[in-house]
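Each of the next two complexes has chain A plus one other chain: chain B in the first, chain C in the second.
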Partner chain A sequence: MFTFILKRLLQSVVVMLTVALIAFSLFRYVGDPINNMVGQDTSLEERAELRERLGLNDPFFLQFYRFAADASVGEFGFSYQHRRPVKELIAERLPATLELALVSAILALAIGIPMGVYTALRRNGFLSRTFMTISLIGVSLPTFLIGILLILLFGVILRWLPTFGRGDIIEIGWWSTGFLTASGLKSLIMPSITLALFQMTLIMRLVRAEMLEVLRADFVKFARARGLPTRSVHFRHALKNTLVPVITITGLQLGSIIAFAIITESVFQWPGMGLLFIQAIGEVDIPVMAAYLVLIAFFFVVINMVVDILYFVVDPRLRIDKALANGQ
Partner chain B sequence: MKLRITAFAAMAAIGLAAAPAKAETFKWAFQGDVQTMDPHGLFETMTLGFQRNIYEGLVIRNEKMEMVGALAESYKNIEPTVWRFNLRKGVKFHDGSDFEADDVAFSVKRLSSEGSDMKVVANLIKATKIIDNHTIDIITAAPNPILPLQLEIFYIMDKQWAEKHKAVEATNVKGGDEGNYANLNANGTGPFKLKSRQSGVKTELEINSNYWGKVKGNIKKAVFTPIAQDATRVAALISGNVDMAYPVPVQDWKRLDDAKGVMPLAGPEARTIFLGFDQLRDELLYSNIKGKNPFKDLRVRQAFIKAIGVEAIKKKVMRGASVPAGLLVAPQINGYSAALNDRPSYDPKAAKKLLADAGYPNGFEVTMDCPNDRYVNDERICQAAASMLAKIGVKVTLLAQTKSKYFGKVLAQNNYDTSFFLLGWTPSTFDSHNPISALMACRGGADKLGAFNLGGYCNPRINELAALIQSETNQTKRQSMIDEAFKIHKDEVGHIPLHQQPLSWGVSEKVKLVQRPDNVLDLRYINKN
Partner chain C sequence: MSIISKTQILKANYQRFIDSDIWYSFKKSPITVVSAAVTFLFFFVTIFAPFIAPHDPFDLASIDLMDASLPPAWFLDGETRFLLGTDDQGRDILSTIIYGSRISLFVGFVSVIFSLILGVGLGLISGYVGGRLDAFIMRVADVQLSFPAILIALLIDGLARSLLPRELHDEVALYVLVFAIGISGWVQYARTVRGQTLVEKGKEYVQAARVIGIRQWTILLRHILPNVTGPVLVIATIHLAIAIITEATLSFLGVGVPPTTPSLGTLIRVGNDFLFSGEWWITIFPGIALVLLVLAVNLLGDWLRDALNPKLR
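Up next, the complex of A and B:
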């Protein structure tokens, strides 16, 4: 197990380096950062001097090397736009994104799995058909549109929920949380639903398909023949056997929830990392963009690793295979 | 229709009469953030306008955009190169320390530190001389009649505070410890104190109860949030989550009209939008004409200005809210001349004839550079211009891109890589000398003028005039020089002025505020009930 984790960590370094390299080679096409850092009256000499000071005239590989060397000791430089260390900015924005992603993931799982099981068991029920129709909408509507529609309905017309931001937050050490205030919780509702909707419908459809497959399997028939209670057959035997692909997808989706919160965050002006990133693109804030992309790559690697470890927990066959392979 | 367009929008008052002052919180949103709290960190209208609530300069513009004393009670040009400022007594910074002449001298010095983006202001000043605690002389290298005008955006920082927090140098974009404290914290003399700041997220201000002056508004607390998405910003306003939001897309005005409790507020901005063409290269970079540059021919430039119908752009693209222009300066700018602001009438036939006379009876092809997120409806203006030019046979290929890409391409650092472009300009000093020297003067000379003359239009007389205007103290003489420069530029069609773009704000009917023509919101003049 230990070597497995170590190996994965080493792989993650390679992944992050590759991401950084690709990102860096793309930055040249994003635009020129200097004009966003100075006013219109700043002279040409000063602009040129600033460019020199920031090392933007250096060759590509030198710039990349400098970034990689700094990043390896946890230094991500200084944001052009905020004039602050990138590290500090990310630490400030990380809680907002993680809280949003966590709530969305829980929503997606807590609603998606039961809905999937239900639609599999009562394939032709009225409720099942309704769920399936709703899920089609969830899969096909773009996040941006869902967010705007929610804002229009609950923010502008009904005026129940705040239309933007995180509400009041409470600082606990370096972590800032919106879970502890009424306005913080209210602010979470629309963004988390927007972000969860796609994942929820995806999980629901996946669970449904897997369940249908498993319910036809022999061991379920035998379980029924043994006279086990239906509940036990469905949940202990059938559902558990559908979980391996569900965990894989959920894990990957959690990564994309964090990474693709960008759209939801910008629609709701949610002050997380995604918003930071999108602002950075607009202002060609290279240090922020680079740090964000590398961090997201790191998240994906870690989540994948956790998913692999979870396989061992869920699927006893893997443990047995391993034991046999080790000659025990 | 509730929409009101003020004819001369130095000021627009809306809503009900102000209620008796009570503790009011004002919330507002803009598309971008204030980039720094450091008053010398970035020379940009939005940032400096925001800081003006916290920091003050020697002089300030009031609600009618008139120049009045702020930290200086009075000022006088005692010698051609010396301006004497008599400083206000009894003024305290937010942390309680006294405002004195050495704070002014210190702030002047801070302007020229490495991280400062205000070196252009620092360069105006040769030296300072403290006469006593409340009198200071500012010495210039050459006579400068408009120095106070140019110092309006120069804010004073407390020397002791800066020393205590290691912020004696302006915040450096490159980083390092120096100046960082002033980037997130502020200590001015203004009517509002900085309460909290989370860059890119939220900035809170509260009233300074020890303010030396009288504040006309009744705002006690103010919360600023940048909201980048247009739809989200407008929704925040309509739902009452903010009291004011700007800019509002011109096409959303009707929505604000229809919604309860909010209204659009429009007025001409002091920003002029214009087109320009490369008149310097012997062959255009992006055209099918080889071996010569059609824009060097005055007749071609005249054909272009006649072919572009600004009234049609106003009606179709700008929803009637732009003000067609014949000059590169708006009426609010010092030196503007109404007599020179006419423009040649829209006449595609005459334009076609001019093109034929110049040797292009079938027109030619040219690529146009255009930003798509910098000015109001910028890309659509370019599209309209392109289709109008098509009528006289000029085939325009439009290259519209985001501002970072656009400016990265067309500005000096990329060697003015454009043949035909759209640009907008607000003189930061509100004086005509600024566009004459930055946009109209020949570029590349020893005088370092014409840095934003992207098309390389050149008439050496304008450079001469720019130098004269800079130091002429007689206002009548100065105006006639400005007129001469504008006239030359106009006769030679150096650029094609289009219009002053509209300011587009959305406000709650509960607030009464002043709309400045530079798109700045001054919290001093807001009343909410």
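Up next, the complex of A and C:
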């Protein structure tokens, strides 16, 4: 168990260093950092002096070390476009993305799991077939198109919901939340549904497939033979055993939700990190790009690691297999 | 000795195809027949786009601003010349969709081939050579798999955008996109092919080939490769749908193909600005085309996966 975690940790560190190296190369070698910082009228001597002071003449590894050390405390310098520290920009945008991702994840789970269970139990029912068709369309509809269709229907034709932005937000310390105002909640509806739909279909299909598998297992047959009520067999025996892989996949999907938020955010002009990143790509705003790159890699690495370890903890079979393999 | 004529061989092959399980399961599934027809139609129309499209949307001489923003033909102020209406510059929507699908299919198709060659190649080498190289390739695959493909494609595209000067970038944008989507999708192929290669490697025919002294590369390409390609076809079909969606998404985000050669995604992005002024057809029709194409390819892939899976027969 301990060696497993250690190995996993080491791998994560290697991934983070690789990503940091890419981000750093971007920083250092795309364009001239000095040119991006000073105006036209700065003299050559001043530039050389600035170059020396910033340590741009130092050896590569020393520079990379400084970059990594700064990055690990969230320091990515100034945005070329906004002329403000990247740290501030990200901190400003982070709550918007996280709130959106959280609501979407909850939506996807709360609707996806019951739908999956239902389609597995009533395989040939009319409603099951409808769900399966919807899920196929959900997979084939690109996220941005779902957003556009929702905007057209509820924003332009019916005029029920706001089509862009977060509505009114309330600041709590450095965190800005849209959960506490009516317009904030209303603004959240369409983006969160857009973002959740794909994950929802994924979870539904996964739960259905797992459930069908488990329902064929011997212990379920045995539970039936013991004369347990169907309800108990379905929910206490079958469902419980399907949830392990569902938890894993959902955990891994949390990262995808944050990544896919880029699309949703640009459809709905949601002021989150994804929108910041897309605008940074358009403007070649390298510090912002580098910061986003490192941050998202960090999210992914942490999520993956936690899920892997959780998997180990939740599923006792894995531990026993390992123990047997070690000859204990 | 009787001489078998070419036509007889053709006939026999044809008969074998008609009697095969694949053809049977194809015939028995109307949805599959329809989606195959739709996919074929898309390929046909886009390949012969210049002859089929009613207008040339890139010919500035034929565009008239007087025709701008006309609704589809079945509306009161629509014109039959423009079946699906026109955009803000007076371009025929149907024609832009046909030319747009051409770009979308091209990018999708070429990036699938790119992924396929890269993935199958690395998978073969990884499985056949084994050892440290195998461990390294699979580690990289694991890491890449933990990030969503679209994010990787977006990053590569973003990197290229910042590395290349703007004028140069617009010229090569299409190839950058193919490269980005191609790189983001190789892992599936590599994993599957590696697994298959490991199985085939131990079989007698490979050992026999080695014993009689055939070169390693020949064994790999002529003996093992043909035996591992079955699942690759299924992955490639489903990947085509994913690649088309990825391209459309990147173009929608404004980092894909340049607006001078619009793909379906670019058309949707451009049309999106007119959604609020009521000109919904500029964005909705390219959207429908995209969904139709992706749905058809997806269904075809689903069918192929089931048809080639011996467990389900």
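The working rule: the second predicted complex is superposed on the first by the 253 of 328 C-alpha atoms of A that agree within 3 Å, B and C clash if a C-alpha of one lies under 4 Å from a C-alpha of the other, contacts with A are read in each partner's own complex, and residues count from 1 in each chain.
As a working rule, a contact is a pair of C-beta atoms (placed from the backbone, for glycine too) under 8 Å apart; a residue touches a chain by one contact, two chains touch by 3 or more.
All values reported here derive from a predicted model rather than from experimental measurement.
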Touched partner set for A:263, first chain B, second chain C, both or neither: second
Touching partner for A:64 - first (chain B), second (chain C), both, neither: neither
Contacts of A:76 with chain B and chain C, given as first, second, both or neither: neither
Touched partner set for A:282, first chain B, second chain C, both or neither: both
First, second, both or neither for A:159, with chain B first and chain C second: first
Contacts of A:148 with chain B and chain C, given as first, second, both or neither: both
Touched partner set for A:51, first chain B, second chain C, both or neither: first
Chain B versus chain C as contact partner of A:85, first or second or both or neither: first
Partner chain(s) touched by A:15 [first = chain B, second = chain C, both, neither]: second
Chain A residues touched by each partner, larger count belonging to chain B or chain C: B
Common ground on chain A, meaning residues reached by chain C in one complex and by chain B in the other: 30-31, 148, 151-152, 156, 163, 266-267, 278, 282, 284
Interface residues, chain C side, partner chain A - complex: 139, 143, 146-148, 150-151, 154-155, 157-159, 161-163, 241, 245, 248-249, 252-255, 268, 272, 275-276, 278, 280, 283-284, 287, 290-291, 294-295, 298-299
Parts of chain B lying in touch with chain A, wherever the complex brings them together: 33, 35-36, 38, 41-44, 114, 117-120, 171-176, 180, 183-184, 198-202, 225-229, 231-232, 235-236, 238-241, 373, 401-408, 411-414, 425, 428, 434, 438, 448, 451-452
Touching residues on chain A, where the partner in the complex is chain B: 30-48, 50-51, 53-54, 77-78, 80-85, 89, 92, 148, 151-152, 155-156, 159, 162-165, 266-269, 271, 275-276, 278-279, 282-284
Chain A to chain C touching residues, read off their complex: 11, 15, 22, 26, 30-31, 136-137, 139-145, 148-149, 151-152, 156, 163, 252, 255-256, 259-260, 262-263, 266-267, 278, 281-282, 284, 286, 289, 293, 296-297, 300-301, 304
